[in-house]
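Each of the next two complexes has subunit A plus one more chain, namely subunit B in the first and subunit C in the second.
Up next, the complex of A and B:
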């Protein structure tokens, strides 16, 4: 209850900033700094969420239209301090043969994340390598690096342009994001950030050869009562294979009673 | 009437592999049924063993209730196997039947449960809490449910656990007519124990685990009865009788994770009435991720196993001076297809046990598994009785 009040207060102060004026201030900056400031603003809009939990459905669709559905739940704990990233716990409920599998992740900025996998059949907690950045997450079009916490320090930024989205009419700042961590499958990303709510509406992924090969659409943004924006639908399309993965999120719950202990590897066989 | 309707709604929701809100929490039931066939490549070596084909039917699954605060969990996992050939392989086991309660940094578990300790792939010498289900799988991959009381305490300096295990689970062996048995069948009824109280003598264990950056560390101490019996021929020389000695052991498991490398060590120092010995597994796992952007991961595993015991006086499963090499291939496709292949080789006798396991999901609710096992080398005391037991196992599991 206290944490709810605290996050509400911190949000109130964040909202008190004159965002419009802030946006105009950026216009005169060099493109690198302007890009960084746009992404920083996006990151700050999420500061103070504390913890969250959400159910989600992942639908994998192949080129011929066949689909597979995975249900999971993700608990997230916001980072403390600047050295580290968020912690997250992903639990799988379906398909039934992987039910009970869980992935615990402690995000870092440039170093590989710390990750533990729980294999329910064996009751085994296994520390796994997280140097797999470009590989697909559970057969989906999302790579591991797409799903790890988006820490500001992971990329070098450059503002490219501001466009008006043809379909929605939204004003979007386009920022080029170049991964600074090792083993990325991408040469760069183009992030389309909504100038009004400071959230990414679309991300284009370019492979090591510089070719556009995936697009992520972030849809159905809703603001929680605590003021945090969350896209409730994300669609990743692979342009080379025609495959797509859709994530549909349920209600995000913020400020639930999760603490550091809930994100220790020893918790995995106690779920 | 209203109550009845409510109950049927809950049951209907739940029986379709569902989740239902029940009594201030979430109730999930996940039943499964598996059909399997084991096909042996050669005629049996010993008198009385069945011919070449073995059929099996397995009914299992789990029931789980978690309260809304997520600090109480009830977990029940029954396991029933029916076998067409080997009476000893037709059995029921409660794999899990436990109540878990967490209060802040403390947690408590009471009931039948399973515990895994260790980091290695070929064999886990520190994994002492549960008896292995060697009828199910001779390679120590399956476990019998163990009655226990456990108290855990999470601190800033790691997690501490204390175990009291009031009832001892004896090892089960394939029957006289079963494959994969010793030359002389084991008479489980003739089991003897060093400790008074036998199966009720009670075992104790302490566990500490923590992580330090790239290191994951576990320490343990155990006082009780050895899970691994010494088998000696009875007076008539027609059957083997298991003897379970008292065991005191301490051990460590440590993994170092860096980039694609996992470096692993498990070691125990143990004391029994007629031996003081050390068992060690040390090795590595290196993974090539997303090979040529195909999404496929290939892991290479190498481990060395050592046991300081004198072979003449040791239990059946002994890895005195062995090498394990293996590979794990994950296709990372929508069907979660995986292949695990490996061989454990005795560096002195060249006795080898090789296996290939593969699994893939068919549709949403079927899992197909295939497993091939080869036993090579008639000079190795461990492999020798299994030398004609090369086999292929196929299992199809349906999840309701």
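Up next, the complex of A and C:
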């Protein structure tokens, strides 16, 4: 409850203040607010991208080291207003049997997402009603909820500490993020946010019993000409099963001519 | 070196030990405790996998399957409502609470399947609705209860898996990925599971909850080991106290022996700790066995001291004389016993290596301590024995037995040969068969849980990995048809199989759902691309922990069909597996099939162990032949020893075949252990015989009589100690130990008979021939 109030207050102040004000020192703030501010900076650095499209190669590796590759393209339309998340359209190119399959997703922050799937084999659009946010995305170690952009309203935050990454020497703020979505697969996340570029470098996922079981490494950050940061490689390792998934992104294109109509279910069977 | 040299060496050891007694005592205690400190790192194996060697091909296949699909290890809560009906609001609330508790409480849980969280996919026009079968059990009306019941009971992915076919029991299956490198993990998971059970039972009276599953099995191994340690070891100590007090009638002697066995056990367990052994009920038999064998060493020395003191020798002289006489026999018997236990390293199952190596270290320590620490200690403890007042009863019995054998050696030889041959004839009828659930005594909770849940759900699983040969082909309609036919065949084996979980059922259900729930579409999709897209839909709609990752591999090249199995024996499991393989060879269109799972591992480990043990036994026999031939400088003595030691063990197997008929895989250990032990008798008897016959130039009859007089009593006493020690092991809560204990005890008693009756008979008959030849030669 308190965190909601803090959230609302911070949102209000965020809207009122110019971006530069965030350079201020957060050290004196209570941990909840400090955590929120850190994540807010991260969120704001991404605000206004409008739309994007990117090719994605997903490599799944199992405990014995075997791997397999899936290719897809993701179009994203930035959220409008609060309560909703981004809209996305994922087109699958491989494995060959699923070529032409497309998934349209209207993300919601605290409710199940709206999803439609076009099945070329049936030549029909199917609406999926499920509480699958916590579920694995096409057999990978990523859950849906890991893939959607870090909507501020998804979590309650608490700043934990600032550490120096042993491998890279980067200064990272560690923020605990507790999912507010009640059917989340996680009890909490630890986000390691780069203090300089305000992007998550690493995320640790804790299962419902509170035990660390997955780690996401976000690598190869590049800033677009418009100033948006994107990690071009993401590696999710499942410590329970020894399986891992690597996402390798191509070049992100921002501000392409996509609009709301391109993200309506009726578009799916015309793709 | 002839026996006299050994005697002199033994006397020198004794003299030196007595001279430096305080140093010897201090060093022995310090060294033993120092090594024993290594035992502080000993921990229980957290995993049933410890029973399988890294090269065991079944195990390799099992690990490979796990790397692909994740470990299928599980904690299963079987919930039996008193009113015999699962579909009540109360029971569903209990299941719901238990499902949630399993998710949050059990460490390393990766999946939880239950009646309430079954993903009840439904098709409604162009909507695919995926939701928990029972999302909120508090609001269920009578009609919705009936609806849930109907949906569950008609679904093959539910009926028989998480709810019994009679709807009178239900289960919550929590799959755990316990890291095997962390010891005690299984027992930790199991103790959490028990807390959860207690909480749910208290919250929902009228429900009985049993905990089974592979993680509970792993935990049960530890519990059986702990139960054994707390009962068997005190029992063996009790036995030793009684036997020593009766046999030696000297508190000092008992104290000395107890210290000797205590230090030997320290060394044995300490070596185990230093070698990084993971404890199992099998390796935990080591202290019991070390105790038993160490006390036999002590008894030989102390009985010798007593004998000499009764003949009015001073204590110092008595100790020196006893050690001189016993030096060679104790040395040889320790050596053969150590070799016997070391041959357990031939076993396919690491816990037997651990048992062998720890026991071997303990026995080696007992030997060293017997020739150094024991004489030193005996020289400082107050000790007096009544002087002999004539022959005591047992010696009289020995004399009568000796006279009997001497008067009719051929009769004894014939009777024993015929008796043994008759028993041995039955040895091949021994059936190698066991049931891993029955490894555990009915007093253990795990066994009770298995027995209670088997009628509803079976007791464990066999995993079949079906592989069409190329990536993506798992959705090939021809392959899916084979999966479906195979699942159908499995369901036609009701005495073996309780439930089958197969991809084909998921595909049929999806086909129906995506065609507006039209029952006509409850069949396999005919188009590969469509089937692949169905799978994608399904993968996209499942919540955390209920995905397909553990059912279909990442490149969609293989799928796992899980058969919940009845509590059948390893023999029946082997038959079942070969039937399944035969069916698949005939009907599987050449697709790949691999059969794995702990049930399969245990089903084949006995054969592997017995083959390995046969190799070990051959090396052991050769070692005994060489050692005894060298020690007595006579090949015929070596050959006689081999007969005297192999015969009783084969006979014991024959008697077991007649009385019990069935053995488990611990039988593999018995041969080596028993041979190593019973050589004791032969060595003691023959060394005394040899002493009289060759050192003192006595006749064969005279030498046999002398051997009976001097070694007979010790042999009987040792038999009593060893046989009782192993008989105590036979009361283990762990059947593998119990079998090994009882069979070894029978072997020891038979070996005593053979050594006291057959060996002298052979010596006499052979001796008469030689003498008649000699007298013939002299006459001519």
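We take it that the second predicted complex is superposed on the first by the 244 of 271 C-alpha atoms of A that agree within 3 Å, B and C clash if a C-alpha of one lies under 4 Å from a C-alpha of the other, contacts with A are read in each partner's own complex, and residues count from 1 in each chain.
Operating definition for what follows: a contact is a pair of C-beta atoms (placed from the backbone, for glycine too) under 8 Å apart; a residue touches a chain by one contact, two chains touch by 3 or more.
Just so it is clear, the structure is predicted and the values come from calculations on it, not from any experiment.
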After the subunit A overlay, clash or fit between subunit B and subunit C? clash
Once the structures are superposed on A, label A:45 by its partner contacts, choosing first (subunit B), second (subunit C), both or neither. neither
Could you figure out whether subunit B or subunit C reaches more residues of subunit A? C
Once chain A of both complexes is superposed, is A:123 in touch with subunit B (first), subunit C (second), both, or neither? first
So in the superposed three-chain picture, is A:134 touching just subunit B, just subunit C, both, or none of them (first/second/both/neither)? both
Is A:266 contacted by the first partner subunit B, the second partner subunit C, both or neither? first
Which of the two partners, first being subunit B and second being subunit C, lies in contact with A:64: first, second, both, or neither? second
Return first, second, both or neither, reflecting whether A:234 touches subunit B, subunit C, both chains, or no partner chain. neither
Based on the superposed arrangement, let me know which partner A:76 touches: subunit B (first), subunit C (second), both, or neither? neither
Now for A:246: first (subunit B), second (subunit C), both, or neither, which partner does it touch? neither
Subunit B/subunit C common contact set on subunit A: 60, 62, 68, 95-98, 122, 124-129, 131-136, 138-139, 183, 185, 207
Residue numbers on subunit A that touch subunit C, as the complex places them: 60-68, 92, 95-98, 101, 103, 115, 117, 119-122, 124-139, 143, 183, 185, 187, 207-211, 213, 240-243
Inside the complex, what are the residues of subunit C that reach subunit A? 64, 66-68, 70, 103-110, 126-131, 177, 471-472, 475, 514, 527-534, 536-537, 539-549, 552-556
Once bound in the complex, which stretches of subunit B touch subunit A? 17, 19, 28, 30, 32, 73, 100, 102, 105, 107, 114-116, 119, 141, 152, 154, 159, 209, 211, 216, 255, 257, 259-262, 287, 289-290, 293, 295, 297, 332-336, 361, 364-365, 367, 397, 399-400
Inside the complex, what are the residues of subunit A that reach subunit B? 60, 62, 68-69, 93-99, 112, 114, 122-129, 131-136, 138-139, 183, 185, 207, 261, 264-266, 269-271
